[in-house]
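Just passing along the structure, written as structure tokens.
Every chain is named by a letter (A, B, C and D) in the order it is written, and numbering of its residues begins at 1.
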Amino acid sequence: MIEYRTAGESHGRGFVVILSGIPAGLKLKASDIDFYLSRRQTGYGRGARMKKIERDSVKIISGVRWGETIGSPLGFFIKNKDWENWGSIMSEAAEARDENFMMTKPRPGHADLAGAIKYFRDDLRDVLERASARETVARVAAGAVCVRLLETLSVKIHSFTKEIAGIRARAIKLDYDDVVRRTANSAVRCLDEETGEKMKRAIDEAAASGDTVGGVFTVVVWGLPPGFGSYESWSSRLDGRIARALMAIPSVKGVEFGRGFAASRLPGSKVHDRIFYDKEKGFFRKSNNAGGIEGGVSNGMPIIVRAAMKPISSLKKPMETIDLKTKKPVGGQIVRSDVCAVPSAGVIGEAVVAVEIASALTEKIGGDSMADLMANYRNYLERIKDYWKGK
Amino acid sequence: MIEYRTAGESHGRGFVVILSGIPAGLKLKASDIDFYLSRRQTGYGRGARMKKIERDSVKIISGVRWGETIGSPLGFFIKNKDWENWGSIMSEAAEARDENFMMTKPRPGHADLAGAIKYFRDDLRDVLERASARETVARVAAGAVCVRLLETLSVKIHSFTKEIAGIRARAIKLDYDDVVRRTANSAVRCLDEETGEKMKRAIDEAAASGDTVGGVFTVVVWGLPPGFGSYESWSSRLDGRIARALMAIPSVKGVEFGRGFAASRLPGSKVHDRIFYDKEKGFFRKSNNAGGIEGGVSNGMPIIVRAAMKPISSLKKPMETIDLKTKKPVGGQIVRSDVCAVPSAGVIGEAVVAVEIASALTEKIGGDSMADLMANYRNYLERIKDYWKGK
Amino acid sequence: MIEYRTAGESHGRGFVVILSGIPAGLKLKASDIDFYLSRRQTGYGRGARMKKIERDSVKIISGVRWGETIGSPLGFFIKNKDWENWGSIMSEAAEARDENFMMTKPRPGHADLAGAIKYFRDDLRDVLERASARETVARVAAGAVCVRLLETLSVKIHSFTKEIAGIRARAIKLDYDDVVRRTANSAVRCLDEETGEKMKRAIDEAAASGDTVGGVFTVVVWGLPPGFGSYESWSSRLDGRIARALMAIPSVKGVEFGRGFAASRLPGSKVHDRIFYDKEKGFFRKSNNAGGIEGGVSNGMPIIVRAAMKPISSLKKPMETIDLKTKKPVGGQIVRSDVCAVPSAGVIGEAVVAVEIASALTEKIGGDSMADLMANYRNYLERIKDYWKGK
Amino acid sequence: MIEYRTAGESHGRGFVVILSGIPAGLKLKASDIDFYLSRRQTGYGRGARMKKIERDSVKIISGVRWGETIGSPLGFFIKNKDWENWGSIMSEAAEARDENFMMTKPRPGHADLAGAIKYFRDDLRDVLERASARETVARVAAGAVCVRLLETLSVKIHSFTKEIAGIRARAIKLDYDDVVRRTANSAVRCLDEETGEKMKRAIDEAAASGDTVGGVFTVVVWGLPPGFGSYESWSSRLDGRIARALMAIPSVKGVEFGRGFAASRLPGSKVHDRIFYDKEKGFFRKSNNAGGIEGGVSNGMPIIVRAAMKPISSLKKPMETIDLKTKKPVGGQIVRSDVCAVPSAGVIGEAVVAVEIASALTEKIGGDSMADLMANYRNYLERIKDYWKGK
């Protein structure tokens, strides 16, 4: 089972990640991870802080030696580049406590108020430092390793921006190489250029009015064979596991597979993906309304899942709130000034989906080393070759 | 931590449930559970089998004595009423094997094909018996106990049908007693009678054309204080946990909290719920676009979550598929003939959400006995009373 | 991952077991399990109740069809044969409450007092019904399936009585067939007949004086290849997992691997098992002081683990205690009258060790079906054949 | 639930620890942890490397601010002081690979051989770096926090050396302050000075002959109320959980509670701890043969658990083994040269037991903040005060 834990705060020293369950013998370089960290940081609509300060890079603490994993847990450290500037505010020392630095204005849309109540904190910083979306840098580091693992089995994963501020991209055929190329060429990671331009204008307008916008991103997994995840128990369903991982990304408020909510409005005869057979292709479908999962199990079609992200909760023109100390109405504290994080969230989505897929894969296939894993995987592909040929 | 496991097959002897983590001293009767089981079985659009054969009732095997829980795991058995009629088809004995009874036509929309590949089965019955939505009877039994537990703390939960076949109910104020009353009076569990009638007509039309319809149900939790669930790690977020539980209900393809997907289309200033204060009410909101969860933590507002259900996958006019043995195109096997399961799915939704809430509650509050739990809970309410008064 | 849960009380309706993670396609009959249940019930030193009333047999509720597992969770029910006689005492109904039947004399050595305090119960029966060693019948049912699974890979497991009342059996070479034969021929499951007779006399003497005796049993696993369990994290070590499972058997107070405590008294040069090589055998050892586990990983030698069992806590001449209600000194309640349970505990030990081994095995080898599991297992044996040949 | 994960290798950059579940508001300083790290490093019988190079200290990465925990996971980094000297040998870069540095002589008693087979490594360093007992520095860091947490509830924990090389300390009354004082004054952490001197001589003799010695340490927990852990399921038993944690310490081969193995040799009437009552003391015992746990639940007496440690596996005069490449007999590689690690292991034992106790405590008592935890704990003590007064 592949699992990861993270620790770290937004303006603390940095983030640590412990990722366990990766087989020994996977080729891995820090730059493989850094590539994903940089993808997470791009995207039209990010504020100045994001662009200037936080060029993230991972330091591999453990688990990799001479270019490959060795079976130990992978330990990562990702430094917060501007930690030094936060000095006493984020100090662990009791002496550093300074009431002048305390934040007492809970921001609507954030964990601030609920977190302060839960953990009995009088300084909201104790809450927002961990609840911050900055923590996703650690998830992406873990996910990048899982992406590498999946790649060795020709399972590929990528995301794109489906909607921003209600502006929806046209549906096109989802070919992996094409999706990679198109998103790389778009500042909003949109597949169609024209809509991408509209999305940028919507972001510009929101920025001009001190507001923020949200949107929808899609994550696609290509090349996953049928049989991953299980209907055996509610908790082993692949759709449930992926839904949890995506919903746990800050600001995500909705998740849907395949046709999703739209499928609930169509008759059954228009929704379920008919089954066909062909000697070249094995069993196949001409549609993928299920989004690649039936009964909680991958069915061999691409997995297609979308997540809806609410607009960023920190607005330049702060929303009304109540000061915790004075109990008087005030404007919420301004912490950062991004306008739109959807393009970045798609990359985070890839990462967390990759973890779930890789975890389901190692559970099913087994193998403590890549050599064993590959041999077992080939066994499985051979065994099911009448049904699925990966095409 | 509250956890449950289920075992059982759709046409086997029945289902067993093991539910652990329920404090000792909770008053519980089998009829409390049976009430939920019967609610799961009602709803316009269910076929004849559902209505005639399966009047479910639970047998409490363990964990309850002299009217209350005693700290042991709760063990339940729910008999399949028509098991006797299935005789050798579902027999555990090797001698019962009979190729004439084997099912080889995988149904689109079901786990049939993916499951057969995964578990290397040549009889699809080995798959569909467990993947069947019948298994949710066991989830509802576990959930009914959690509902009882939450009730003792005045945390209430109920669901209603929001949409069927694209026909959407009007939004009304969500008051618990009112929701209970309205759903009880509606064969489709819809809050507004007029729309309810339209939904029924849509079901009738689908039935007439041998088709099926899906829809959307809403689950609401009233009275949960702020502070349940955590942003501490991705896996402890309450929204992620609930999303997983709902997405794991058969046929659910989408989940959203509060404004959900719609929130992604609005500017931030229209989405985040402003914070107000009043001596009588403490901190409060006038809107609940977040659906009661911010940063993965309950914020004291009702939790509102919706799930989209695709149309039932077993159609009276079966969809094209391929026979596993002959590899020739055929119509899929017909197994049952419900037309719409959305009203029932709402009850299942209540159950699985109740488990997640009760689990988060016992983790936070502790207490091996109801007396301890109540005392700790009162402690907490007292500690946070400046912020939240449950109104 | 193989996991199981149990529910049930000693004098309730019976026990339910849910066992998940068993691959599809394992041949299984109820009689395979019943065989283990009957082995658990034998043994010199059991009281009349054990012999007459409780001839246990399992009812397979789910997970097995036409003679083999199908990938669903296995659900078992084991009836308590004399439940009917317990009527209102164990009733779930509130009306059945009758203070005359309440037990208020906590027995030293049992969970009675601590459990009543923990769960806030005034009737000790609410505690002892679940804390009873009777619950191990459910563990043995789960373990029996794992034994079957391991057998198909030629991994074998058996136990024997090493000591009773301080009378220790001579050490002999531990050959599987020989151990099976010798234990089957001994009422105390001792490998050497002479010591076996002495053990029986010790039991007789204890019985005559109204006392009880304990002892030590050994569990051996033959044929497990190197590489199961891991030093990767503290919680994945095979020795830790097995220790937990054995220590969790009621009355077990000590666990040791290989030379165990005695190894702590020897110099290192006399303890560590030198490594040799031979073309026929691969890498091998001439000694097995480590008990088959080095660094938390199986090393290819038989796993040898011993557990120490304190004497049964229910004595015919009850030990002094305090009545919960009166707070006056009394004799503890007498519940049953076994004198020695060590032979039976060995069988329970086999079962719980089998679960841990099977779980480590499926985690490492993967495979949702027996065919896949076997193929992967053969891959592994082939890959390591220069090191280990199973001899 | 309190949980921790570690990553790191013996000669890598260092170790990271992620500890989750610690309530907010616990006062904590890095020096609290460093104190435990230094206790782990002391003890007669450690080699030169231990004394000179590795003066460990923790860097708190996250989870503590202004002198107290804030509810986030605690992240620690413990640097390996001599990492710089290991340069390319431990480098993550593929280019650093150098066959000259490869270790191919598996050491008896270590994970070397089994680990290399499992993870398919040709360089034993890939195994021993993680399997090394050095990793326990990370466990001690996590444990030190749990010790602090327990202290705030007046639950205290300490260990001492019971045996070295078969030389056993006399039994004395186990008073916390006395145990702390005596162990602090003994280079072998033995409670009685005379035996301590004999132990040192045994270590000296082993050192002189190039050999190593093992022993037994005892961990005691004072002040834990009854009711922690549960007989509810096999996996929730406190004794099982502690046994697992102790058995998972490298070189531990046996664990026993209370009288342990010796109890298995006595009649029941001499083993079970009679129950007495006194207005001042509540229910109490005059003996503690159970070691503070009955039926898997703490019973209010001190928890007493012993662990047997085999002699250190790296001997100065290396034991015979086989070179992986040449398949020829050789002497095992010498990696370090400690003679006895029992005193240090006791400190590790305290740490891992503290984690289990703290985890059981937070599960039972609940509370996300220390204020809530303390209030709930007082509730519980008040509720059980007729039974247990902590004396």
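We adopt the following convention: a residue touches a chain if its C-beta (ideal position, glycine included) is under 8 Å from a C-beta of that chain, and two chains touch if they have at least 3 such contacts.
Just so you know, these numbers come straight off a predicted model, no measurement behind them.
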Label of the chain whose CA centroid is most distant from the centroid of chain B: D
Interface with more contacting C-beta pairs, comparing A-D to B-D: A-D
Chain centre separation in whole Å, for chain D relative to chain A (CA means): 37
Centroid spacing, where centroids are CA-atom means, of chain A and chain B in whole angstrom: 26
Between chain D and chain B, distance of the C-alpha-averaged centres to the nearest whole Å: 44
Set of chain C residues in contact with two or more other chains: 5-6, 20, 71-73, 115, 118, 120, 127, 130, 227, 230, 232-233, 364, 368, 371-372, 383
Chain D-touching residues of chain A, taken from the complex the two chains share: 5-9, 12-16, 18, 20, 24-25, 27, 29-30, 59-68, 70-75, 77, 90-97, 115, 118-121, 123, 125-127, 129-130, 368-369, 371-372
Contact footprint of chain C on chain D as seen in their complex: 5-6, 106-115, 117-118, 120, 127, 130-131, 139, 163, 165-166, 206, 209, 211-216, 226-228, 230-235, 237, 239-241, 243-250, 253-261, 263-269, 271-277, 283, 289-291, 294-300, 308-313, 315, 317, 319-322, 327-329, 352, 364, 383-384, 387-388
Sites on chain D touched by chain B in the complex: 1, 20, 71-73, 227, 230, 232-233, 362-368, 371-372, 375-376, 379-380, 383
